[in-house]
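For reference, chains read A, B and C in written order, and residue numbers begin at 1 within each chain.
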């Protein structure tokens, strides 16, 4: 199992946790938490695979994703107080998920022969669509549309990766540097409450 | 036409009715009722087929589904008072739909070579995704995430089916017993207002 | 480049603008506007292609769609006052998009060997699903489910096209007449506030 695979599992786990936390906030029951945790964790990769025509979708071929998500729900439900204290660690893990999913999505799109502009879009989609589905299920305007530098961090990361790749840097270094870059960008933007200006109606 | 096919049509019809009733509650117009009825009835099977990579989606190859849904919308709109009085019968039909869709989804997934864990998930998805889409279209938190033993009844039914199948029971018996089990579980849980505890925020 | 292709680009552009305007109304940021503009513009064609099993989805094979959408977002964000004054022109362009997307969806479905009933449904889906996704992202009940003669205009146009085609009229004439018909029907219905009666709960 590569480091890359481990990071992907970590991202899946943390995305599921973010779904469970929203489920608890909305006073759903445990089945609601499982459904919303599942959708958050696999939603982005699913949309990417559907758009690419990669069938069946990737996660359905590996039961580990299911086990990770069920574990995340159980931990999220029964150790909620403990998890709340790990807030900063969760933010970092969530940002790692963001970085890994962006790159995984972009690389898969490139492998499918998609133009680079849309490969970037598919990378961002892989990283963000799960959270969008999560918020729609909870009947909220998706967080990503209004607050925080989230999609922008994915975009900046994707562009950095292409630059490093173009400069001839080794695949593994480019990947690690890009993930670190996205993690730093996102955690700093949360810490200093950086946002884009809102549009005027 | 097999009994199985008739039950599938019945489930489609009743799911469409549930969409129309929500459309009326939200004061939509007749086109809104058709769209939401259609999405409720075919949504679950559509998501299943997309995840499996079964293309084109199943219903699009059989116009009977369209006729059933249009009939359901017309009946739902013009005989609404009458339908309201049939509340209990509708609940039973809806539960039959739940059972049939769970099994149909699980069996199709198994035929596509999907691991048993995910075949169960796809069975539940087939039975519940239509209702989730219905509630999202009506701008509500999906009912299934918060109230009633709904997804749980599908899960219990799917597990019972696997058990009966493993025990060597004939396919038809296993199917009928499982559908009956889901119908009884769901109607009892509605009658006695059984729910799972809600999570604490 | 055919006139047909130009109209398709025009429809894409105007649909993206409608997404940006809703993003501004909801005080999203510029990334929110891009995401919602993108989803509105390509959503309908995406759903159509997924249901048909046409993979990968059409827009991903042509970067022009991306450029058009980004241009629409920039114009929508920075020239919002100017755009507001063009209200009537936007309505006409939007109706052209409606007509073009309905026909494009129906014709693609027919090419894929889909029965005519569902080809009509897929035409309507192509024209309307983008707007439905836009409204769901903005946490609103989709406009199309409650107000305006919108889906009905698509349906009437689709039926007219089939009639003209059956009567032996040349493909290009049928297409142009149908688009004009949809544009007139929709703009008149907006001007005179024609709606279907709402259902009673």
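Simple rule for what comes next: a residue touches a chain if its C-beta (ideal position, glycine included) is under 8 Å from a C-beta of that chain, and two chains touch if they have at least 3 such contacts.
Computed from a prediction, not measured in an experiment: that's the story for all the values here.
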For this session: Using just the Cα atoms, superpose subunit A onto subunit B and tell me the rotation angle to the nearest 5°.
Result: 120
For this session: Please state whether the interface between subunit B and subunit C is built from the same residues or different ones, using more than half shared residue numbers as the mark of same.
Result: different
For this session: Could you grab the centroid distance between subunit B and subunit C? Build each centroid from C-alpha atoms only and quote it in angstrom.
Result: 30
Exercise. So which stretches of subunit A touch two or more other chains?
Worked result: 50, 55, 136, 139
Seminar exercise, completed: As the complex stands, subunit A meets subunit C at residues 50-53, 55, 112, 114-115, 117-118, 121-122, 128, 132, 136, 139-142, 144-147, 150-152, 195-201
Seminar exercise, completed: Given the complex, residues on subunit C that touch subunit A span 23-36, 38, 46, 50, 55-57, 60-61, 63, 66, 77, 80, 136-139
